[in-house]
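There are two complexes below, and they share chain A, which is joined by chain B in the first and by chain C in the second.
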Partner chain A sequence: MTAIVEVSDLTKRYGSLAAVDDVSFVVREHAITGLLGRNGAGKTTLMQLITGQEFVTSGTIRLFGQPPLENAAVLSRTCFIKESQTYPDGFKGEHVLRVASWVFPHWDGALARDLVAEFRVPLDRRMKKMSRGQASAIGVVVGLASRAELTIFDEPYAGLDAVARRAFYDRLLADYAEHPRTIVLSTHLIDEVADLLEHVLVIDEGRLIIDAAAEDLRGSATTVSGRQADVEQFARGRDVLQTDVVGAFASVTVTGLTPSERAAAAAAGLEVGPVSLQQLVIGRTRGTARQEVAS
Partner chain B sequence: MTVVALPAAVPAPPLPRRLGNAIRLHVANPWPTLITPWLVFAGVFGLNLAIWYIVATAAGGKQNLDADAFDYNGGVTWVLVFLLVMAVQAMSLTFRFALGLGMTRRDYYLGTVAYLGLLAVMYAAGIAVLAQVERLTDGWGLGGRFFAPWFLADLPAWQLWYLNTVVGLLLAMIGTVAAAVWVRWKATGLYAFFFLTALLLIGAAWLMGVTSSWAPLGRYLSTHEPATVVSWTLPVAVLCGALGYLLLRRATPRT
Partner chain C sequence: MDDERPIFLQVAELIENQIIDGAMPEGAQVPSINELAAFHRINPATALKGITRLVDAGLLFKQRGIGMFVADGARSRLLDQRREAFSEQYVRPLVAEAAKLGIGSDELAAMIRRQAVPALAAQRWRTTDKEAGR
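Moving on to the complex of A and B:
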């Protein structure tokens, strides 16, 4: 495995607040990694640290094996598209694309034009006058057409409608298949991206709470539902991530069921189903929220 | 953890290319630094021409006016001050965008300072050329002096160019310090910056007073070429340029 990003014991403090709290992980080459978490969990700060825009409080970051801060050799191989990106006054869409074409060594102008047409980006409009969705579309075009070896999308589609988001996922996958590269996708729209991801990082209140292959993660929890009494009996003593009760029926999301346990549950008349990535993340992040309240 | 292999190291794009990108970042939209200033400059000049014409007509012809009637004009200082404004504007607007595109602070700053230097050279050259036209046309046919007024009237063109370049550079570098302070600490930083600048100027004036240096300074200014005099500001410009980098080196792109 080749590590494009390697983060060790990384902490970033703003005053007493630890926006990123002792985080360690690796982003593998030629994979799509999801960086998931709630708003304010520390996703953007983490990515700004990785791209050398923020200064670390402690810990180390390696980007292509080198420290990223002020390092043109590795930053020029990286494209970081963030929702909060601001543009110079008076800049139109065409100016943004022009500068991007100079800065990114692997820029594909034909792909950019193609995407502009598909996302219907008004290139002659000032960035300030664009709607949120149009400005996001510019970011998406830059992120895809840059063909950077490491491309990081931070909530790239704020304001984009479902059709445009679908188009983004399709174009991302198609271009990724043709030109394999390392992609980090940060979002809170977990269900939408679940199928794209090969690896999942979940951050909550600055801490990394999940670091797993998407495949393993999907098998790591199961939803069991049926009559409330039966479900409760089954869930007793297990690691329950989430419980929902509707009338006399209940469903629980539990971790780590063996095949024989699944069979036992089914035999007891309970319905056993897969759990979505989103449910899993909600279960885990709610868990930490509960602990916070309790402590 | 799995065994981690290091990806192949790729050298950075060559420095000239990186600096070129930082410079081009400011030219991508040429209006704020290349077009608008000339338009405003043309407007200011046009107004001056109109006023000269009105005054000359009211007097019944320019032969009825004093020979130095139109010798004093500060229109050119507008462009020089605008270089300061451009420095502040360009940096505060493009810094976050540049970092968002993966530029390093160092490349961005060097490219930006180089661009501001080029602007000073270019605007000074434009003024010098127009000053020659002004002399050849006897002040646009009205005896007016706009591009080389007052004590600059008889200065050789290259000296006029040098003088405006150096002054423009100084103002642009003061602008970069102000801009770096803004980018790093926003309004709070600028209040402190202006307070400190005022303190520094007053302190210098006081020092001049207690050491009775005002009279010698006046003598020096009146006995030396303007080009020699302004050369003394070059170290200040260099110092401001370095200070701007020290400030920006630790700045983060915040909204």
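Moving on to the complex of A and C:
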């Protein structure tokens, strides 16, 4: 396994706030990794640190084995598409693509033209005059056509509608299959991307709380529902992410059930159901928020 | 794709189902990894894992540079496996639900017979249709 990004004991403080709090992980070569978490969890700060746009408070980052800060050799192999990219005054869409074609060594102009047509990007319009969706589409075009060895998408689709997002996922998958490369996708639309991901990182309040293969996370949590007394008895002593009660009926989301425990629950007349990645992340990240309110 | 089971298993099962119902006869070419990934909108590594499982089980074979094909005898081996799993996978939950509703075993058997007659007739009709090459 080759690690494209290696982060060790990384902390970034703004005053007393630890935006990134003692985080360690690797991003594996040629995988699509999802960086998930709530708004303000520290995802964007983390990506800015990885791409050398911020100074670390402590810890180390290796990008292609080297420190990223002011390191043109590794940054030229990296494409970072962020939600609210700013452009020089007077820049039109066509200027953005021209600059991108100079910056990225693997730039594919034909692919870029194709994507511009698909996403209906008005290239002759000034970036400042573009709608959010159009500006996002430019970012998507640059991110895909750059074919950078490491491409990081930070919430790439503000203002993109469902049709355009679907087109983005399809084009990303198709181009990734033809030209395997390392992709980090940060988003809160977890349901939409869940099946695209090979690895999942979840960050919450600056801390990394999940670092696992997407396949291992599937089935790692289970919803068990039925008569409240039965459900409560079953849930006792287990890791419960969420509890819902309506009348005499209860539903709990629990982690780490073995197949035989699931079968036992079903045999006891309880309903056993799957938990999506999105529900799992919500369960994990809401728990911490609740504890904070309580303390 | 459902949320419960690993996606690679679901990919493998869908291909198994096509082998069983004859949509992919022995010797037929199986879609490529990239085609499967694009169709199911899943990570290509996941599609590869599903296909590898079928190759390892001897149900598919690889021809270097050409693609993946359904192996001889794949259908009958799959049928044997599925028959073995049938009782556990389908009959047990059926009996459990029937017990919950107070449906006795005679009544359950009668219900199954009532459902089975038209279903089997339709199945037989489809098979003769296929054999006639229509």
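In this section, the second predicted complex is superposed on the first by the 294 of 295 C-alpha atoms of A that agree within 3 Å, B and C clash if a C-alpha of one lies under 4 Å from a C-alpha of the other, contacts with A are read in each partner's own complex, and residues count from 1 in each chain.
The working rule: contacts are C-beta pairs under 8 Å (C-beta built on N, C-alpha and C of every residue); 3 or more make two chains touch, one makes a residue touch a chain.
Everything numeric here is computed off the predicted structure, so don't read it as measured data.
*Asks:* Which partner does A:79 reach: the first (chain B), the second (chain C), both, or neither?
*Replies:* first
*Asks:* Name the contact category of A:95: first (chain B only), second (chain C only), both, or neither.
*Replies:* first
*Asks:* Once the shared chain is lined up, is A:26 touching chain B (first), chain C (second), both, or neither of them?
*Replies:* So A:26 only meets chain B here.
*Asks:* Figure out whether A:103 sits in contact with chain B (first) or chain C (second), or with both, or with neither.
*Replies:* The answer is first: A:103 touches chain B but not chain C.
*Asks:* Which partner chains sit in contact with A:54 here, chain B, chain C, both or neither? Use first/second/both/neither.
*Replies:* So A:54 only meets chain B here.
*Asks:* Return first, second, both or neither, reflecting whether A:169 touches chain B, chain C, both chains, or no partner chain.
*Replies:* Once the two structures are laid over each other on A, A:169 reaches chain C alone.
*Asks:* Scan A:214 for contacts with chain B and chain C and give back first, second, both or neither.
*Replies:* second
*Asks:* Looking only at chain A, is it chain B or chain C that touches more of its residues?
*Replies:* B
*Asks:* According to the stated criteria, A:124 is in contact with first (chain B), second (chain C), both, or neither; which is it?
*Replies:* After superposition on chain A, A:124 lies in contact with neither partner.
*Asks:* Taking the complex as given, what residues does chain B use to touch chain A?
*Replies:* 1-7, 9-13, 18, 20-21, 24-25, 28-29, 31-32, 89, 93-94, 96-97, 99-107, 249-250, 252-253, 255
*Asks:* If we count contacts the way the header does, which residues on chain A are in touch with chain B in the complex?
*Replies:* My answer: residues 1-4, 6, 26, 29, 48, 51-55, 64-66, 70-73, 75-80, 82, 84-92, 95, 98-100, 102-105, 148.
*Asks:* Please give the residue numbers of chain A that touch chain C in the complex, ascending.
*Replies:* It comes out as residues 31-32, 169-170, 173-174, 176-178, 180, 195-198, 214-215, 218-219, 266-267, 269, 273-277.
*Asks:* Would you mind writing out the residues of chain C in touch with chain A in their complex?
*Replies:* That would be residues 1-8, 33-34, 37-38, 40-46, 49, 93, 96, 100 of chain C.
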